[in-house]
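Several structures are given next for inspection.
One chain, chain A, links the two complexes that follow: it is found with chain B in the first and with chain C in the second.
Presenting the complex of A and B:
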């Protein structure tokens, strides 16, 4: 089979794009099982599993889109190189995309739009990240000397360039999670938002506890059996603590917001750890799925991106999704009551709880979001029902693929409609609607 | 130097800052051994330099050190840097009554009518005015004006304090009003300044004042440790407040406790939009010791 199951005359009207399935490797804690695996290694591992599950060996997929947030400059064509290292047809095109933690979801949005437009019939979307195998760059001083050295033509010019080298230039720079424009780490930014919305330590620990409980229960009933390929000895997410409790979580020391006037509430337990992993989803047109006898788990209905100004204190860094959701709902004529499942990425427990509080706050919704009143409440029993990033971990670009595959499978089992909201660095947020097929 | 009408001195080009500092050191020595008289009034001289052109490589290094985008438009604080040698040449005159070395920068206020392109040719004039007593010594304003093709585009007023210098014991003194205790607002930014910040800013700005370079050179001038350049803080403040100004830009910074290097400076940016523009109020303080380093505002139209 090849990427031409639809009509030879590509449809010019929007069609339906569906999630056929997904595959990821278990997420490892930074420095753990995947300490020596590169982004390309992990992306290929996830791709191999997807190819095997859906019999895609030798197939030319319409397009593969993936990305990594922490990416080495040598991986300029990371996704294409992963395709060449996989069993897919080498004639499968691929591109890299990066939108911080929204990378994975944005690849799904981009490829599903191509499918809807009739430009491709099938697509593989997702992402990978390694906090262990992070690129380390030479200092700015050494980099400039080396660049000038490469441009130097005469020995004198070369000596002059080298003469500018100082001992301190030899120490390398590792990437940080600091926002380039503010210098605050993501955790410190969230601590400000958590404090502004008066989110309690207990509520954050409770959300973290539920995430572990839900993820553990999903593993117990075999939910991930057809969504995951073991890798490097891991068969489950290494961060999962099925035996944790609100009491245990309450003993952890706060790590963010410790210099604020309000009590510090964010701990290693209610914040996501640095994680390694990869996740992908297989997308297709209805025609492609039918022609190839593949399942259709859910329809990708619509998506929206938003960004907020956190630089001037107008809004919290991770509140982008809070702004995107009402716009998406309005365009689709939907309210929270029309949804059966909510997948709100748990960058920090405080991120999720701040979003919920904001959508319930009438004044905020009117003043900041421009709505007529509060957007509404979300029933906790509909939220992240199969666990989320606090339990699974959060390899930045892999999270979107994990969430889309998890929600699509949930919808195929239970029916209904689901909302995804993923916050990202730079004050961004990407949100999407998925619907069950029946 | 040529004499010109109205006490104006036209310099042949931008003076060399290291040369001005050497001149200042020599003057300190001569005054210490009592060979040079100390004036009691400001010189009326205005120093002017015509035809100043921007070096694009120097501009790029300045912009990148401050973390701002390397644009072909001049950062507002960079115009201060370009004009600084002219202002310094006024302070380094033998008939200037206050000692240049060790003077403390209290505040800076800038009014800019429009954005200035790196390709524009600048006329710069600097003069001092309003010598007046201060509770801790004597303060003076140094005014710098930048013209392009005969039209004013940028005006900066820096206030300096010569600590412990009393020119007229009978004059009135502005007293330090009782300061309310400092309450740190919620930070929206955290600037990590390493020990080399002063040396790197000196390299891109030309301001090699020893109090910014290292512990030993700062101690010679009575500081406990090297401190960050006030204009480094101002430049970061202005750039972060309004990332891409298109028209008029006004700003002010008032310096409180100096920033000892290395340091972590917390900052709070609060924006208010109004018809036709925006104003961003800024506070910077020591993240560790909860002491204010500066307050300021930036207004863009």
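Presenting the complex of A and C:
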């Protein structure tokens, strides 16, 4: 492969960054097929599948960026270690990034910007997460005792350090999806938002049903044949229920918002389960793709990040994307009518439906988003047309890579323009625009 | 699965016991390694006439020590008997008796190769008897050879001569370790027109050194069923010979397929070959990435064994769909596409089951015999052009599939060939790589068995 075509005369003016393709491993339910796979194992598997698909063996890629939300301290250099374990050239640089569930999309934004600036010609972006192989941390008390013990020089000092140990210090801290500043889980946060926007149980179940239907149909027509490489015997997303129905979903018991005054509507069926998996996309300049006879599925046009004050204000935790989208549209002179596909990450069905309701709400759009009126409506037939996280599952940092590759391929098949919105912990959201090449 | 009996009889004491009891003593076969010396010992070229003389000259140019008669006690790497002028059965006497003396002097892994004309190309009964007689004699010699030696023939069709590029290509293949498990076979070669199809330098070797290291350099090859077993080995050997390999298998086998593609520096293409758009997707991938498609290896195949009396439509149909219907459909689309090279090669996997039949495999045998029928008909259509199509029919090959045969049946199956052992996936892959090379330009419509001269279906 021609190595880093044209990097000597790196242009000062922004160039075009394209999505060349993607690869992910099927997403497994936590404790399932990948129960004993580490983040590094899964990231290497996704990398090797991508390398095999595009014949990148031994190639020095401009940069690889990926991350994990649930990360062991030993994996401080996770992405670089995965590169070293992969079929790529060991001279490929890599860095880790972490922005909660927006990690994957933010790696795409960062590397595509480097490509646009001429700093690199090719990049691999994405992420991985394992809810099964999550780090378990010793208690704060035990940690301090152990650190003091390592510094102790005399037997007396050692005994003194150990003497501070209490039985309660021996129970480990398991990871949670709780927000550090509120103590509420993500589901409980969303339950507040779902209730505030009056999103019905039926609407949430309907959205979940459509996600499963769309994902199953995508598998049926072979849509994922060049987006996925099986791993550990799993050939499809384990969470996919092609035979589910609104009736079946209606039988599930609510699990979030059960202590609110309003009816609890959020169930295991219309919330994403804890999931393991990895997803990556191959990015490049147009020159790189052309020089190496690689396809160009879509152009990465622009991106925007936003954060909301869910701690002191009354905005919902997962409403970051709602704030980012109008800013991105305004900068690009676009409205919802200019888009053919919308990929709104289904953290919960309520997240998507709250966002849609907010953008249709004139008062909210004026008062909170500072717009002249309602941002607009999104045609459900343009939304998550090949399924999303409710069906596929949501290994936090892997979701961005899954969505970018899925949308890019959809655009290469159908043409048009697509909008991605991914909400993240900490009240954040990252959104991006992709355009078909033709 | 390792053949532990073979390993055992190749150690001193068990070897002596096996000899004393008259048990089979399979040899460790001489297989190709890069840089192989074709014939470290002298080679006999028996037979008289211009064809034999010209061939002896070529071998001298390959830095081979050539003998025209057996020297008492001198070991030989190979014995080549040239009978291209035999016009009556009595013409065989001298050369074949000379061959008989040479056989005793063959080194382990030695080679017997006969060059003769096709009985189908004469109307003279005595000449046809002589030519067909060579066939019978060489098959019998192959049965008699020991120590991993093999006996094969090169059948000159039409105006082909003993020194045509394809004749020499076939001879090199048969002398080399690449043909370790090819035994009792006859390769028919035709003269290739001089319009640039065959690269002489590549065929004869620039300095008479062995076979060129990368005879497939610059070629793009598609291998179906490449995730495992024989298909994975075919991908490896084609890549070793310089080809850019597109490894194809069903999406469910994608993890192993990616590993193969990464090992051979190729690309993985996950698709179901029975899908109507399979060929179109392969052509699109090739067109975008490489430009032209030079070699197609139809390796993907399945078995769904059942006695015919118990056969159901699902078993029958799935085997036909994967093993033959998909190949017919894809070939039609390849041949209609400008992406498929004008000197393109198609190599299909047949099976000895398709030649001899096999209990419980009516569906499989129908599909594999079907491959042979397809290859012969398509080859006739290719006549006069630079494209070729051939089949390779593996016998008992040591794979995951044959490892599932019950142990005793497996042991018996292994010994039921002249080489008294199963072949390895690499043996099948070498035959395919040879047929894909320029050296095989004059081989078309053949079914090459890689079976160690299996006793069934011979």
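Operating definition for what follows: the second predicted complex is superposed on the first by the 434 of 438 C-alpha atoms of A that agree within 3 Å, B and C clash if a C-alpha of one lies under 4 Å from a C-alpha of the other, contacts with A are read in each partner's own complex, and residues count from 1 in each chain.
Here is the rule we go by: contacts are C-beta pairs under 8 Å (C-beta built on N, C-alpha and C of every residue); 3 or more make two chains touch, one makes a residue touch a chain.
What you see is a predicted model, and the numbers here were worked out from it, not measured in a lab.
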Overlay on chain A: chain C relative to chain B, clash or fit: fit
Pick one for A:225: touches chain B only (first), chain C only (second), both, or neither. second
Which partner chains sit in contact with A:14 here, chain B, chain C, both or neither? Use first/second/both/neither. neither
For A:293, decide between first (touching chain B), second (touching chain C), both and neither. second
Regarding the shared-chain residue A:246, is it in contact with chain B (first), chain C (second), both, or neither? neither
Return first, second, both or neither, reflecting whether A:55 touches chain B, chain C, both chains, or no partner chain. second
Considering only the touch criterion stated at the top, classify A:183 as touching first (chain B), second (chain C), both, or neither. first
Specify the angle subtended at the CA centre of chain A by the CA centres of chain B and chain C, expressed in degrees to the nearest 10. 150
Regarding the shared-chain residue A:31, is it in contact with chain B (first), chain C (second), both, or neither? neither
Look at A:87 in the shared chain and tell me whether it touches chain B only, chain C only, both, or neither; answer first, second, both or neither. second
Shortest distance over all C-alpha pairs of chain B and chain C after overlay on A, integer Å, is 45
Please write out, lowest number first, the residues of chain A touched by both chain B and chain C across the two complexes. none
In their shared complex, at which residues does chain B touch chain A? 67, 184, 186-192, 196, 240-241, 243, 266, 268-271, 280, 287
So in the complex, which bits of chain A are touching chain B? 168, 178, 180-184, 188, 192, 195-196, 259-261, 309-314
Please output the residues of chain C touching chain A within their complex, sorted ascending. 247, 251-255, 257-259, 261-262, 265-272, 275, 288-290
Residues of chain A touching chain C in their complex? 45, 48-49, 51-55, 57-58, 87, 222, 224-226, 228-232, 235, 293-295
